[in-house]
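Below are two complexes that have chain A in common, paired first with chain B and then with chain C.
And then the complex of A and B:
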């Protein structure tokens, strides 16, 4: 465990315990406690990273390996956006507020635990905690679809847990230790009989692939995201599945030394699955009729980019993967929160029934445009830079086919999002658009904040690049 | 500021200012434009008078050695002076002209044309010249299309734009190749080491330059928009662009290309002279039978270009001097003639020869100016046209191909004959009843006509003045060595011209007799002569008009072919990808049906394959 960031794990856990007691009489207190906890954490993190002295020093004094801190930041950011949004989104009575916020905070604590773990067993424990909170969160509003999504999530990802624990045991037997450092040193030493260790790692990787929703293990994502309670979808798609699966993939890619040609077969496999995921997600998203379901497939596709880059494992690719992970958290949160706003205002996310919503909901429409352009990698938004890094890394490594395909599918990304924007927001005013109005300012605030962040990260890319390069250097030593 | 920039930037700035002025103000735009034109004229005169101190300007432009270079050598300065003079004359002429279209846009187009023409005249770099030259194309289009709100004007504007657009494209290619062969775009540098027509590429480049130049000047077969513009646009436009600016620039660049940039050979000389002679004869034949004042003049504008091309094509100093002298003379009298047409049209409301007559008594000044200009164009001594044609004749004789000389003389005969018909039917003969109350043209229209008529007289009686002050130094500046150019001699040529005059008068008498005394029918005995009748009928049906032919025959076929090519590309970039994507996404939609067993089976199968692969590839060794 990285002790420096322990407070970010414990405080939300404490708040989660506190909420059911403190907010028993006054239910709104649950909102306040959750929001204050996360906002305080966010402010603290911002002070830690964004001090002028820190920026001018090239982020050299960041504690730990930097990746942890960045992802704790992302966790808190998305968590705060979701709780803030939920505070105004939830109607009185349903669902159970105290439980909801407690679960969110526990999941934030668990994610902090995941990213600050330094050995595989701790990682595994926190990932399981996270999975349990996620099942519960998906069913927040007790609807049939929520339960179906939660069940699918549970039953389709339980093999993952089994595979991870199997992999951990093999690793324990062969390596004698579960700490990241031991694996790193083992891989760096180039011992010839690395077979069993690699196989153990391969099993763990498979578990994380399933948890990330990479094709062909993606089948749970559309149902889980679509069925989940609206703000929970944003939480789940924006950060939870990324931390419980994709983060571990990047971490292991670095530990397994893909960049010096170790475990080549695994690296190839990972890249192939990444590309497959990009293709399957994008192609499936093209014909979706439901906004949330389209976003779910888009997530599959975007996760594919991260896995592709992680599988390549060169420093540039790792930078691209980390950056894309962070960007994905920003733009996917915006889009899912906007889908929640649509659901609240127009009562549906079915794209056939929507249309011309920009007249009724201009802010929602335009934040969606920013987010979708960033997803598709249009300059100067942040998504452009991360995709550029990934494609450049692929090209440099001589994988021109993958580079060209990655570029091609980002055009498909633009295509399906344009279809979405056209069907939902632009065009003639539908009956739904006439009946609905823009949601209130507090509901818009998270989306606007995230959109601003997308633009700012795109424009201030040099600073962010310095940070990400520092991270890549530290975790690839 | 460099003096050389004034003729370009003053009109540009004024044009912009004119657009800001409300359409309702009276005379403000007119005063502004005329003032700008007059100041420009003064600046141009100053540039000319400072010679032999050559004004030049060189600014960095698009990099890699391609500078924005302007250079006012004698030929350019002379041309600039002419451009400014005609711009000033037309500005004043249009002062109160009602049927010139929106006066805001008229003056905008006028000033923009002036600025770009000045730029083209002054440019030393071929690229800079091309820039201004192509700019003129835009304002040619807007000028015609805004002069009248009629389908005819739009059609003719399109025709003018397309014809000139295609030939300008030729010019562009020609300039590119020339610059590539020569290694520089600056004309003054190319001239130091002239290009020769010894190999294919340079012949190709020269021919392209030639096409660009003669089409600007309005030679056959690129002339067909001019007669159409005569009926579809305003008199000031005709007097300004086809009569003056286009001739000046086209012949200027023809002289530059043929003498300054390239060293031509005998074969190319024959080509040029043939083109000139053909233009003279074919256009004048058409002019002779026209029944419309402006349309008749417009064919003459084409025909006279032939003399200039013929003169330059002789490649001897006398001929070139004749060509350049004829260029300035033609601009003067043809501009004046179009102005008289405009005056008559304004006062009587028509240009139809059969409805006019006897106007000399009612519009004596216009009539006198017409007579002077008509005498000048017909080459009657001692007006300016006589002297320039004389030079062209001498040049043609000296070239050793007397055939071209006879063609030119025949052209003169028909020119005079058609002006006898025109003058007779408009200014003499019987005055129709409805024109009894016709008034003389206003002062603002008479003044420029008077000035131009005065130049016709001055350049005639004192022909040595322009030849010694303008044409001679201009020839020097483009490196043509020449002897004495001026001098009237009552030799064979003079007597021949007297014979031509007499023949034309006799022809006119014959025509009158055949046409029953009506002057407007004085050409009918030739118009309806056995073989010519069919030829004229075909010409009237635009059978010889390459633009119409192209539009009727070639364009539909090409358009159809391009359409199918386009459909193919549409299919490649539109239908094919979307149906492929549609196929796959439909397949994926059918697969993602929410069935849990299916999903689990896929997950497990995927996991199994993964584990097998991981195990086989160095996993369990």
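And then the complex of A and C:
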């Protein structure tokens, strides 16, 4: 464990325990405690990373490998947006209010644990805690669809966990230790008989691929996201699946020394599945009729970019992957929160029934536009830079076909978002648009905050680049 | 920072960031918003024009913001970029003034002004950036603004056309990005100043060309422009036809005219593609009956002549192409604005239901006639000099086939514009109630553009000497 960041794990855990007792009489207190906990953590992180002396020093004084801190930041950011949104979104009579906030906080703590783990066993434990909380969170609103989604999530991620623990045991048997460093040193030494280790790693990679919803293991994501309670789907899509699956893939890509040309078969496999995921997700998203399902397939496609870059594993590719992971957290949170706003205001996310919502909900409309353009990689938004880094990395590695394909699938991304925009926001006023009004300002605040972040990261790309380069240098030793 | 550098940065930053303040001005009152938008347009024009004397006097003006990996944002004012910026900001400023009346009856006005000014700002950024990556960035920003503008009326048809516009142009832009990445892989830099005079591979050139052709609506990507011109308001279509399509032309001039030495085979290919584009779109303009579609097709056809001048690899033709950009922007702007007045007054776009309008709308008719003459290339209008120099240069070293194609195209220009003028202004009135002239500002805008076309012909010495100085100092690989 990276002990410097232990507080970010323990404090939300403590708050989670506190909430059921403190908020027994006054239910609203649960909202307050959860929000304050996460906001305090966020402020603390901002001070740690964004203070002027740190920026002017090129982030050289960041403790640890930098990746952990960045992702803890992302976890807190998305977590805060979700709790803040939920505080105004949840109806007053919801029976399990305290449980909901406790679970969110536990999942934040678990994610912090995942990203600060330095050995595979700790990683596995926290990923399982995360899976259990997500499973419970999906069913928050007690609807039949929620239970269905939760069951699908459970049945498909259970084999993934089994594969991971199997891989871990093989690593334990062959390497004698489960720490990340051990694997790194083993891979760096270039021992010829690395067969069993590679096999163990392959099993784990497979597990993480399922958890990140990469094609062809993506079938659980649309159901889980669509069925989940609205703010929970933002939490799941924005950060949970990224941390429980994609983060581990990037970490393993670095540990397995893909950049040295080790474990080439695994590297090729990852890249192939990444590309497949980009294609499958984008094409499937074109045909969706429900806003949330479309977003889910879009997630599959965007995760594909990250996996493609992680599979390549060169420093530039890892930088692109980390950058895209962070960007994905920002734009997907905006889009899912906006879908929740739509659901609250217009009562449906079925795109056939919506239309012309921009008159009724201008803020929701414009934040969606920013997020979708960033997803499609339109400059100067943040998504453009991360995609550019990934494509440049592919090109430099001589994988021109992948580079061109990855670039041209941006047009499909843009196409399905154009369809969405036409059916939901742009276009003539529908009956739903006339009956609904913009949601209240607090519900808009998280989406606006994230959209501002998307624009800012795009314009302040040099700073973020410096940070990510520092991360890549530290994790690729 | 001395004054020219300040002017250079403000010419880009003021419209780009100012555009996002327009919604706030709209909260105050609608007239404050309109005044603010027009002021932004005029200021941008003033800033761009003020750069003319420094670049003539002391050469280029540069401003650099460092970005990692050679992605620096380089604003570079030289003869070509200042020329282009001045022309397009002038036309855009006229559009903004004209819009005050034209747009005043519709919804979404705030968005309209925001997007026009954002478009203008991105155009300035594109023209001034000397880094290919930033050219791409601004390129996409103009695409975004035009997407919102084409979908201005929000009916399903309009929005579908808006989506078509953005998908076609973004597809082209992505192809261009592939070309840019190839250049980056070959030379390790995207700084156009450093790449001056280098060779470019045929493949990279073709990828970049795809982007250029899609933006300037040339075959095989031409279909979006007539569509974009039909659905939304005339002002928007004007913005596309007079300004947006010039982006492609400018990028061609910047990348293949004054930076890279393009392969011979590539230039020949461009000549044949644009020749075909000139003929086909002129043919379409001859048979169309929708006034705005005719003018849009005419734009596609005229752009081909500019490409002819740029791709001939000949100094005379290059000078002609630069003049052509100026003349065409002014005259085509005038034509579109006239069409806007006519459409607003007669409530139709079908030329078969017009006729005899000259009696009731003499000023609009006169302006329309003058602008048509300039586009046809009749002396002493400005358009004549551009067309003449392009042909003179192309004749020196072009192939006969290409030349004949374009001569035929020029003849067709004459035909379809004469037909249009006859159908709309002369002949018997067909089912309309002799509508009145447009409002004062609208008629003043079109008259101004028509008279400027005439004046540019009379004072051709100044633009021509500017263009030849530009060609002599910046041109690469010209005979």
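Just so it is clear, the second predicted complex is superposed on the first by the 476 of 477 C-alpha atoms of A that agree within 3 Å, B and C clash if a C-alpha of one lies under 4 Å from a C-alpha of the other, contacts with A are read in each partner's own complex, and residues count from 1 in each chain.
In this section, contacts are C-beta pairs under 8 Å (C-beta built on N, C-alpha and C of every residue); 3 or more make two chains touch, one makes a residue touch a chain.
Bear in mind that the values here come from a model prediction, so they are computed numbers and not experimental data.
Trainee: Classify the contacts of A:62 with the two partner chains as first (chain B alone), second (chain C alone), both, or neither.
Mentor: Touch status of A:62: no partner.
Trainee: Looking at the overlay, what does A:418 touch: chain B (first), chain C (second), both, or neither?
Mentor: second
Trainee: Quick one: classify A:318 as touching chain B (first), chain C (second), both or neither.
Mentor: In the superposition, A:318 contacts neither chain B nor chain C.
Trainee: Regarding the shared-chain residue A:426, is it in contact with chain B (first), chain C (second), both, or neither?
Mentor: After superposing on A, A:426 lies in contact with chain C but is clear of chain B.
Trainee: Once the shared chain is lined up, is A:407 touching chain B (first), chain C (second), both, or neither of them?
Mentor: A:407 sits against chain C, while chain B stays out of touch.
Trainee: Looking only at chain A, is it chain B or chain C that touches more of its residues?
Mentor: Between chain B and chain C, B touches the greater number of residues in chain A.
Trainee: Counting only touches as set out at the top, which of chain B and chain C does A:356 meet: first, second, both, neither?
Mentor: Once the two structures are laid over each other on A, A:356 reaches chain C alone.
Trainee: Looking at the overlay, does A:395 come into contact with chain B only (first), chain C only (second), both, or neither?
Mentor: second
Trainee: Mind sorting out which residues of chain A both chain B and chain C touch, each in its own complex?
Mentor: The overlap between the chain B and chain C interfaces on chain A comprises residues 415.
Trainee: If you look only at chain A, which of its residues touch chain B in the complex?
Mentor: Listed in rising order, the residues of chain A that touch chain B are 151-152, 155-156, 159, 163, 193-196, 198-199, 202-203, 206, 209-210, 216-217, 219-220, 222-223, 263-266, 269, 273, 280, 283-288, 412, 415.
Trainee: Flag every residue of chain A that touches chain C in the complex, lowest number first.
Mentor: Those in contact with chain C are residues 356, 373, 378-380, 384, 388, 391-392, 395-396, 403-404, 407-408, 410-411, 414-415, 418-419, 422, 426-428, 461-462, 465-466, 469.
Trainee: Which of the residues in chain C come into contact with chain A in the complex?
Mentor: Chain C reaches chain A through residues 66-69, 71, 133, 136-137, 140-141, 143-144, 151, 154-156, 159-160, 162-163, 166-167, 170-171, 174, 177-178, 181, 184-185.
Trainee: Show which residues of chain B lie in contact with chain A when the two form their complex.
Mentor: Within the complex, chain B touches chain A at residues 581-582, 584-586, 588-589, 592, 594, 596, 598-600, 602-607, 610-611, 613-615, 617-621.
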